[in-house]
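There's a structure below that I have some questions on.
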Amino acid sequence: MSETDIYRKQRMGGLIGKGRRTALVIVDFVNGFIDPNIFGGGNTLEAAEATVPVLKAFRERQLPVVFTRIVYADDGSDAGVWCEKAPRLRELTESNPASHVIDILKPLGGEIVIRKTQPSAFFDTALGSLLRSKNVDALAVVGATTSGCVRATVVDAISANFRPTVIADCVGDRATGPHEANLFDMHQKYANLIKSDELDSIFA
Amino acid sequence: MSETDIYRKQRMGGLIGKGRRTALVIVDFVNGFIDPNIFGGGNTLEAAEATVPVLKAFRERQLPVVFTRIVYADDGSDAGVWCEKAPRLRELTESNPASHVIDILKPLGGEIVIRKTQPSAFFDTALGSLLRSKNVDALAVVGATTSGCVRATVVDAISANFRPTVIADCVGDRATGPHEANLFDMHQKYANLIKSDELDSIFA
Amino acid sequence: MSETDIYRKQRMGGLIGKGRRTALVIVDFVNGFIDPNIFGGGNTLEAAEATVPVLKAFRERQLPVVFTRIVYADDGSDAGVWCEKAPRLRELTESNPASHVIDILKPLGGEIVIRKTQPSAFFDTALGSLLRSKNVDALAVVGATTSGCVRATVVDAISANFRPTVIADCVGDRATGPHEANLFDMHQKYANLIKSDELDSIFA
Amino acid sequence: MSETDIYRKQRMGGLIGKGRRTALVIVDFVNGFIDPNIFGGGNTLEAAEATVPVLKAFRERQLPVVFTRIVYADDGSDAGVWCEKAPRLRELTESNPASHVIDILKPLGGEIVIRKTQPSAFFDTALGSLLRSKNVDALAVVGATTSGCVRATVVDAISANFRPTVIADCVGDRATGPHEANLFDMHQKYANLIKSDELDSIFA
């Protein structure tokens, strides 16, 4: 029995029902997660470029758009255990261009920008509360990395009863193996997967 | 450059420093995650068996032990979006043996049992608060599945500044590919990995 | 300048805008918070009786209804610091009638029952996530005690961007002073206050 | 029976056991909560002045110190329901001096500063996670206002199993009635109360 067959037999990989109103969450498409000399490389630039028309579509429909950035205090006072696994995280301070959203996806005034210090955009942040005030029940998730902050955000999203869709060509990772493995996990357990040219399917 | 080299170049995969006091978290070693006809199979039974001496070691040292179970209300009133991806989750009610911790790892009176409805043992539960009251700053994590509730728990653990160690031969999954891929991700980004015969290394 | 004038001058006590869809949250109307020999007394019974027609109104409109109960494990494994302030909390176990919702407000199958160990119905529980799955953005809050679990729940509700309304004659407390003081605080800072005969004003 | 007698009869108002290691949390002692023309007045300045030697004592013992500030985004993108109750909250932006910690209590480099948008210092912030990484199990709480952000922080602190002590002469409020009523509630249900000249009693 193939691995996919095991999941099918256990009735996993179901389709999550469509939401009433979907926000776009752009996870950590910041300079430091594009640059291969910091935390980027692989297909992250390609995924960011594929996000440009997706962002345009959400803005045209006046649906909420959220950007996330990893930002630590200049004095390191909020660095924690995660920074022991990946010490260069501490370089991502407010003024370091590596922590800034890339130019081609620059946030507009009034769009939510979540500063976070952990993988998930929801963990110890106001994201869930803010999405509630915007009457959102579904999320389209893009960003970097697939195996890191994207997945952590998707797991928290479904746990909080948001309906997550991952746009597969708009998520990127430094390495192919983890990228593919995490798309598989998310499809089987936590999110619907679409391509960016199927975007219309998620609008009500 | 190999994938492992990419992570090394970006200085990921660092060793997390030792904690002062470690609790054992046994994730979803319940009948339904051993049985291949429900959510188990693969190496989950083997991993559960390897956990028996680990549990014994924590009890002998009188360190806190936590068990988690997925439990939904009989009337389905707390089923959410995750149950659309995996509809059989709703069968895991309080009285269904599939939701009960397996006999060989049966909790003792006074040990914490966390009922949860989402992948992470921390999500919408009192686990973090209870571990605080027990003066714990590090977690040894075992259970099923590696690619599901174990990983989600580990990501939340490090996010909350617990120091996570995954005992690699004590975590199991229905399928080998996701098991291996998630051990790789956790090692690179979220946890120290040890074998159960190296357990002494985590005690202070 | 009177105390009320100070609040007016600082532009507090504003009216919170009407929600799209309101759930009823019945906080701890359990036997132990009616009985003056446990945690009840004062006007708690009167408030519970005034809640009967309110509950009926929400059920008739098929709006979500949530009940909360304080429930600790039989073996005390989840008792925490709060139980040092109020040791009799530990008596509120699953099978103790003191922890059961009073007969006149008995939950129906399918209505959410939140078990909690802390004052707020949101703290370390799935309440926020469950309300999201029910498309709720506003809460009518009743229960006991006004100065305890009602207020803690209201503060968390507005913090999570729910729109809270307290039904003043449906909240009760063991003592008049704290009851009145907390109605004042909630009105000035955290909730709209109505009487139960004004209930129609909160339905859209 | 007096109100205090009711609480005694129900065995509330117990003493919370001493912690191993206490952090000082200075809630919203910012210019806008001292100035009577914004959100301050009453005894807030007096309370802030009484905090100076307390802060000195914690620094001398090299115990963790946390400051909180209410800070909203310049473009209002994170303003929520609370800002409908108290519209002037939205003025508290990063650069507005009203949101800055008062000069006599200025944070030093390396001390934690929590930016928050809700009453409790814990709500949707990393405070709980950061205190864990600092091996803290008890909190001394001071700040403004007693009936607002101080109380909300204290309720969340005990809910998360921190051991809270309120230093009564170091918390202040715009109005005397709510100040006194909330000291009463916190003493009966959520915290130990001391005067600043009894500070030695909380150090181990």
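Couple of notes before you dig in:
A, B, C and D are the chain letters, set down in written order, and residue numbers restart from 1 in every chain.
Throughout what follows, a residue touches a chain if its C-beta (ideal position, glycine included) is under 8 Å from a C-beta of that chain, and two chains touch if they have at least 3 such contacts.
Keep in mind that what you see is a predicted model, and the values were worked out from it rather than measured.
Homomeric contact chain C/chain D: same residue numbering on both sides for over half of the interface positions.
Remark: among chain pairs A-D and B-D, A-D carries the greater number of C-beta contacts.
Our note on geometry: chain B versus chain D, Cα centroid distance of 35 Å, whole angstroms. If you average the Cα atoms of chain C and of chain D, the two centres end up 24 Å apart.
Residues of chain C in contact with at least two other chains: 80-81, 118, 124, 128-130, 133, 159-162. For chain B in complex with chain A, the touching residues are 3, 6-7, 10-17, 38-39, 41-42, 80-82, 84-88, 118-120, 123-124, 147-148, 152, 155-156, 158-163, 174-178, 181-182, 184-185, 188-190. By the touch rule above, chain B contacts chain D in their complex via residues 20, 128-130, 132-133, 135, 137, 159-162.
Listed in rising order, the residues of chain A touching chain D in the complex are 73, 75-78, 80-81, 109-113, 117-118, 124-126, 128-130, 133.
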